[in-house]
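Chain naming follows the written order as A, B, C, D and E, and within any one chain the residues start at number 1.
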Amino acid sequence: MIDTIIGHYNYWVVILLMMAGFYTVINRGNLIKKIAGLNIFQTSVFLLYISIGYVNEGTTPIIAEGFTRYANPLPHVLILTAIVVGVSTTALGLALVVRIKRAYGTIEEDEIHDKDMSL
Amino acid sequence: MKHNLVLRFITKYLFPVIALFALYVQFHGDYGPGGGFQAGVILSVAFILYAMVFGMESMEKVLPLGLLRTLASTGVLIYAATGVTTLLMGGNFLDYDILSQLPIQGQHIGIMIIELGVGITVSAVMLIIFYAFTDRRNYD
Amino acid sequence: MSDQHLLLLSILTPFAGAIGIVLLRQRPNLREAVTLLSATLVCIIVVTIFMRFDNAGLMAVDIAEPLPGLKIRFEIESLGMLFALVASMLWLITSIYAIGYMRQHKEKNQTRFYAMFAIAIGSTLGIAFAGNLITLFLWYELLTISTYPLVAHAGNKKARHGARTYLGILLGTSIGLLLLAILITYNVAGTLDFQQGGILAGKLDPAWSGLLYALFIFGIGKAAVMPFHRWLPAAMVAPTPVSALLHAVAVVKAGVFTVLKVTIYIFGTDFITSSGANDWLIWFAGATILLASLIAMIQDNLKMRLAYSTISQLSYIVLGALLATNTSLLGAALHISMHAFAKITLFFAAGAILVAAHKTDISDMGGLGRAMPITFGAFLIGSLSIIGLPPFGGMWSKWYLGMGMVETGQWLLLSVLLASSLLNIAYLLPIPARAFFGKAPDGTTHHRIKEAPPSCLVAMTITSLACVLLFFYPDPFYELAMDIGGTK
Amino acid sequence: MIEQNLCLLLVVIPLIAAPVTAMLPAGRTPWFFTLTITWLCFVLSIWQLTIVLDGSTISYELGGWAPPWGIEYHIDALNAFVTLIVSGIAAITLPYALRTVENEIQRRDTSLFYAVFLLCFVGLLGIAQTGDVFNLFVFLEISSLSSYVLIGMGQRRRALTAAYQYLIMGSIGATFLLIGIGLIYAETGTLNMQDLHQRLQPILDHRTVHTGFIFLVVGIALKLALFPLHLWLPNAYKYAPSAISVFLSATATKVAVYVMLRIVFTVFSIDFLKITSTEFIFLMLGAFGVLVASTGAIFHYDIKRILAYSSIAQVSYMVLGMGFASTLGVTATVVHMFNHALMKGALFMAAGAIVLRIGSSKFENIYGIGRQMPWTFAAIFIAGLSLIGIPGTAGFISKWYFMLAALEQQAWLIALVILFGSLLSVVYMWKIFEALFFHRPTNTSPPVSEAPLSLLLPMWTLVLANIYFGINTDLTVSVAETAVRLLGITAYHE
Amino acid sequence: MLDTFIDITLLAFLTITAIAIIKVRDLFVVIMLFSIFSLHSAGLFVVMDAADVAFTEAAVGAGISTVLMLATLALTKDHDEKRPAHKARLPLLVVLITGAALVYGTYDIPSFGDPDAPAQAHVKPYYIEQSMRETGVPNTVTAVLASYRGYDTLGEVTVIFTAGIGVMLLIGGRLTRKRDKEDDR
C-alpha cells in the first residue's frame, strides 16, 4: 500500500492537475480562461510524460564522463514537440478570440450563444 | 516608454547581448540544453524588447511583415531542403550520414542546418504573432 | 441483330428518348415526335423479341458485377416477356393519349413529364427483363424515383403531400423490408439468381419461410397489399396519363410481377406449399380484395374509386401467387395483362372526362354520357372486363384464379372472389349507367360539352377493343402465362 | 529513385509546396500552384496504391534509422487507399475552389489561404502514411490547426465561434490522444505501431493498457465527431468556406476513421476487442450515432447543416462496421470511407454552388432554385440517392456490406438500425429535393443562372464516380478486402 | 531525499495554483497564476532531469503564452469573468470520470522513477548507448530530436509555421477588413 503511494503519488497529483485544467476548459465560460485551462491541461500532460521518463538517481540525458544512469530522453523530445504544438494552438485560439471580440463585442460564451440565437 | 532615455540606453546594449545568447543557445544545443526552438524564441524576445522601447514603426522598418513571412517560409524550406538533399544524394529522407564522408560529420552538418531552419522559422513566427497581437487595428 | 442486343436496346431506347426529349424542350412538336418515335421503337423491339422468343433457351446478358457474385443481369423468360409486351404496347397508346391530354389541359413542365415518363418505362422494362433479384431491385427503386416527379407534377401543396406519401411508402417498404428480405435471402442461399424451382428450398428453415415471404409481400409496396396501399390513392394527384399507365400498369404491375417472380423463382411453388409460408398471408390478400372494394364504393372522386379498385385487383394477382398452384399462377399472370388493358381504358375515360367536362366527381356525371358517348362506351367495356364478364378479356384471368382456389379447396377465398366481383359491379357499372341515363344533379344540360380530343378517343378505342379482342384471342398472353406455371 | 521514395514524396512535396505558396504573389498563381501539387500527389498516390494492391507493404525508414529507433512509414493497402481518397478529393476540390474562393476570400489572402490548405492536406496525408504513433499526433495537429484557420475564414461571424469550438474540442481530443500514447508508451517503451503491436500482445490485460486504449479512442472519437462528441461538427461544416466544407467533409472524418482502424486493429488487435468486449461498445456508439444524427438532420432547414448532420451519421456507420469486428463489417467500413467521400464531396460541392449564386443555404432563400440550376440540382439528386443507398450507386454497395455483416452475426437490432437510418436519410434528403425543385419559389427576385462550369465539372466528376463505383466495385472491394486481411481481421464465426 | 522533498513541494504549489485558477474570476490574475503554474512546472521538469523541456516551458509557457494572453486581455474592457447563470454539473461529472479512469490506469504503471520500467528498457538504452557514436552529439535529447526523430521536428516546424500564417490570416495585417457578416437566419 505504502509502496503504491510512494510509487504513484506523482502520477496522481499530475492527474489532479490535468483534471483541474480539463475542468476549466469544458466548464463553459470565458473564452480566454478556457485557453488558459487548456494550457494547464496540456502542461500537466507534459508532466505525466516527463514522470514516465524519470529515473531515480539519474541525470539529465547529456552524455558525460562519470554518469551511467540517465533520464529517458525520448519523452523529453516528445514533449518539446508537444510544447510547440501547444503554443501554436494557444496563438491560434487567442487570434480567434480577438476576432470574436470584434464581431460579437464579448468573449463570454453564454453571451455569444445568446447573440447567435436572438437574431 | 519611447521617451525614457534610460530604457533606450539599456535596450540598445541589451539587444546584442540577448541576440548573442540566442546564437549560443542555437549552436550549443548539441552539448547542453537548447537548440533551434529555444534560440528562436530568445531572438524574437530581443526584437520584441526593441519594438516595445523604440516603437512598432521603427521595428516594422527593420523587419516588415512581408520579410517575416518569407523568413518563416524559408526556415521550413531549409529544413525540408536538407531532407531533399539527402534524398538526391542517394540516402533516405533526412539521413544526414550521407552529407559527408564521415557519418558523424554528416550528422553534425545536418543537425546544424536543420536547427538553423528551426530557429529562423520560430523567431519569424513569434514576431508575426507579436505583430498581429499588438496591432492596434484589432482593438477598435 | 442478336437477341442480346435487342434486349439491351429495348431498355436503352426509352432513356435515349428521355435525353432527346430534354434536348428538344424548346420545340414541343418535335419533342412529342420523339416520345412517339421511341414508344413505337420500343414496341417494335419488344414484339420482335417476342416473335423470336423461345422459352427453351433462356438467354441472359451480364452487364457488370458490382458485388462479388452478384451481377447486373438481364434475361428473358416468359413472365417477363408478358409484362414487357403489356408495358411497351400500352406506352405507345398512352403516349398518343398523353399528347392530346397534356395539350388540352395546358399542363406545365411538359418536358419533364415526357422525359420522366420515358425513364419510368425504361425502368419497367428493366424490371421485366431483370435476371436476378438484385437487378430487379435496382430497377424497382429507379421506377419509384422516376415516377416521383410525375406524381408531384403540379408542384402545389396537395401534389407535394401526395408525392411524399407515395415516395415514403414505396421507398420505405423497399428499403425497410424488401432490401432486408433480399439480404436475408442472399445470406441464406448465397445467390440471388432466378431459378426454376427457387433457390431457398432446403436452405431456409421452413419455420422462417413464412416470415421471409411476408417481408417480400409487404416489402413489395408496389403490390399495394394492405396496410401498405395508401400510396396508390395518394398518387392520384398526378396527371391522368400517369395514373393510367403507371398506376394501373407499369408501377403496380411491377409490384405484382415482382411478387410472382419471387414466388416462382426465389421460393419455388413447391417450397411455398410444403413450408406453409403462404398460410396466413393469403388472408391479407383476401382482406385487401374485399376492403378495397368496399372503400371504392364510397369514393365519389372517380380516380380515387379507380385507385381502390386497382388495389383490390392487384391482390387478385398476389393471391394467385400466394396459392402457388399452376392454375392460380396462370390466372395471376393473365390478370397482369387483362387488368392492364381494362383499367387503362377506365383511366383514359376518367382523364377524358376531366379534360372535356372538367369533372372529377361521379355525382356530377349524370347525363354526361350523352355528350361523350365514346368515352363512356369505352368506360363501360373496361368495367365489364374488370368485372370479368364475357366477352371480355378479364373473364379468363378470373376464371383461372377461381379454378386455382377450387383446386386448393380454398372455398372461403372463392367466395371472396365472387363477392368482390359483385362489388365490382356495384361500384363500376352505376357510373356509365348514370352517365347515359341519369340527369345532371343541378338540372343543367351538357350541351356545351364536347367529346375529348381525338388522340384521347383513339387511345380509348384501341384499349377497349383490345379488351374484347383478348377474350377471343388471348393466345399470346395465354401461352406465355402457361410457360411460367410449367403446365406446358 | 522516385519509386523507392514514393511514400515519402507524397507527404514532402506538398509540405515543401506550402511555404512556397505562402511566398507567392496573391491572385491565381497560388491556386494554380496548389492545383499542380495536388494533382501530382494524386498521381503518386495512384502509383503507390498499385504497388501495395497485392497485399505487400512498403517500409520507409526516415533519416535512415531503423524502427523502432527512428520513425517508419509503413504502407499497406489501407494507408495507400486513404491517401488516395485524400489526394483524389484534394485534386478534385481545387478546380472547384477557384471560383468559390474568389467569392469568399479576399484576394490579398489567397496565397496564405492556399498555403494553409496545403498544410491541411499535408497533415492528412502524413496521418495516413505514418507508422509511428507520435508522428501521427504531430501530423494530426498540422491538419487540425490548419483546419481551424480554414474554418475561421468563413464569411459569417459564426464561422469564428465554430472554429473556436472546434479548436477547443480538437485540442481536448489531441490531448487525450497524447495521454493515451503516453500510457501505452509507459507500458511498452516504443512508439512504432508494428513494434507496439508486438509488445502489447502479452500485456493486453493491463489496466494501464486499457486506460491508454480508452484515451486513444476517445481522442480519435472527438476528431471524427462520433456521437456523443459530435457537437462541434455541424457548425464547423456549415460556416466554413464552401471549398473547405467539401474538402474537410470528404477527407477529415475519413482519415479519423482510418486512425481508429489503425489504433484498434494494428496497434492493439482484434483479440483485444474480443477480450474486453469493446466491439459491443463500438456497435452501440455507432447505432446511437446513426439514429441521433439522422434524426437531428430531419429537423433542420438548411442544406449545409443537414449534410453536416448526415456526415455524423455516416461516420457512425463506419464505427458500427468496426464494431462487427468481422471481415464483412470492416470491409463495409473501408468501402464506405471511400464511397462517403464521393457522395459527401459531391453534395457539399452542390451546396457550395448554391451558396455562390444565392449567398445562403437556408431553405427559405432557395426554394425552387433547382429549376434555375438544373445541373446542380441533378448532382444533389444523384449524390443524394447514393447517400440513401439506392442500388446502382456507390452508397448501395456500402449499405449492402453493412447489412450483410449484421445478418451474418444475426444482429437483428443493428440491421434494423441500419435500415431505419436509411429511411431517415430518405426523409432528410427528400426534404432537400422538395425544397429545391418541387417547392414554388417564395421570392420573386430575378432568376439566377446555373453554377459556372468550373464548379459543375468537379461536381459531376464526383457524381459520375458515385455511379461508376456503384456498378464497378473491383477497386473498392478488392482494396478493402486486402486491407482488412492485413489488419488481422478474420471472418465471423459463431 | 531532497529531490523528493522539492518534488512534493512543487507539486503542492502546482495544485494550489491550479485550484486557484478555477476559482478566480479576475482574468488578469488567472493569467498571472497560469504563468506561475508554468514556471513551477518548469522547476519540476528540472527536478525530473528534463533540462531542455524546462528551458522551453519557461520560455514558452511562462513567456510567450502569458504575453499572448495578456495582449488578448487588453482588448476586453472589464477583466472579470462572468459568473455562470447556472451551475453545470455535466463538466464536473465528465472530469471525475476521466480522472477516475486515469487513476485506474496508473495502478499497473511502473513506479515513479523505476529504472526497470518498460519505458526505460526498450528504445531508450539504444539512444543512451549509441547516440554518441552514431551522431556525435552528447545531448541525447538533441540527437533524438534532430536526427532519430528529425522528421517529427520537421512536423513541429510545420506546426509553428501553420500557426504563424494562421494568425496572419485571422488577425494580421488586414488594413481594410470587411466586417464579419451576421448569421443569415
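The rule is short, and it goes like this: contacts are C-beta pairs under 8 Å (C-beta built on N, C-alpha and C of every residue); 3 or more make two chains touch, one makes a residue touch a chain.
Values in this document were obtained by computation on a predicted structure and should not be read as measured data.
K.L.:
Using the touch definition from the top, how many steps at minimum link chain B to chain C?
P.N.:
Step count on the best path from chain B to chain C: 2.
K.L.:
Could you tell me which chains are in contact with chain B and with chain E alike?
P.N.:
Output, common partners of chain B and chain E: A, D.
K.L.:
Moving only from a chain to one it touches, give the least number of moves from chain A to chain B.
P.N.:
1
K.L.:
Please identify which chain has its centre, taken as the mean of its CA atoms, farthest from the centre of chain E.
P.N.:
Following the centroid criterion, the farthest chain would be C.
K.L.:
Let me check something: if the centre of a chain is the mean of its CA atoms, which chain is farthest from chain D?
P.N.:
C
K.L.:
Counting only C-beta pairs in contact, which chains form the busiest pair?
P.N.:
So the pair of chains linked by the most contacts is A-E.
K.L.:
From the C-alpha centre of chain A to that of chain D, how far is it in Å?
P.N.:
Going by mean C-alpha positions, chain A sits 28 Å from chain D.
K.L.:
Could you put a whole-Å number on the gap between the CA centroids of chain A and chain C?
P.N.:
About 69 Å separates the centre of chain A from that of chain C.
K.L.:
How big is the gap, in whole Å, between where the Cα atoms of chain A centre and where those of chain E centre?
P.N.:
About 4 Å, centre to centre.
K.L.:
By the touch rule stated above, which residues of chain D touch at least two different other chains?
P.N.:
15, 18-19, 22, 62-63, 134, 138, 141, 145, 148-149, 152, 157-158, 160, 179, 185-186, 191, in rising order.
K.L.:
Name the residues of chain A that each touch 2 or more other chains.
P.N.:
In chain A, the residues touching two or more other chains are 18, 22, 26, 52, 60, 62, 74-75, 78, 80-81, 84-85, 88-89, 91-92, 94-99, 102-103, 116.
K.L.:
Quick one: which residues in chain E touch 2 or more of the other chains?
P.N.:
If we look for residues of chain E contacting two or more partner chains, we find 51-52, 56, 60, 64, 68, 71-72, 75, 102, 106-107, 109-110, 117, 119-120, 123-124, 127, 138-139, 141, 143, 145, 147, 149-156, 158-163, 165-168, 170-171, 174, 180, 182-183, 185.
K.L.:
With chains as vertices joined when they touch, what's the shape: line, ring, star, complete or other?
P.N.:
other
K.L.:
Which chains are in touch, pair by pair?
P.N.:
A-B, A-D, A-E, B-D, B-E, C-D, D-E
K.L.:
Which residues of chain D touch chain A once you look at their complex with the stated criterion?
P.N.:
It is residues 134, 138, 141, 145, 148-149, 152, 157-158, 160-161, 163-164, 167-168, 171-172, 174-175, 178-179, 182, 185-186, 191 of chain D that touch chain A.
K.L.:
Can you name the residues of chain A that touch chain B in the complex?
P.N.:
60, 62, 80, 84, 91, 94-95, 98, 102
K.L.:
Of all residues in chain A, which touch chain E in the complex?
P.N.:
Per the stated touch rule, the residues are 3-4, 6-24, 26-30, 32-33, 35-37, 39-40, 43-44, 46-47, 50-64, 69-81, 83-92, 94-99, 101-103, 107-108, 110-111, 116, 119.
K.L.:
Quick one: in the complex, what on chain E touches chain D?
P.N.:
That would be residues 101-102, 104-110, 117-124, 126-127, 147-152, 154-156, 158-159, 161-163, 165-166, 168-170, 174, 178, 180-185 of chain E.
K.L.:
Write out the stretch or stretches of chain D touching chain E in their complex.
P.N.:
Contacts found on chain D: 15, 18-19, 22, 62-63, 65, 68-71, 106, 108-109, 112-113, 115-116, 119, 122, 126, 134-135, 138-139, 141-142, 145-146, 148-149, 152-153, 155-160, 179, 183, 185-191, 199, 206-212, 214-215, 359-360, 362, 365.
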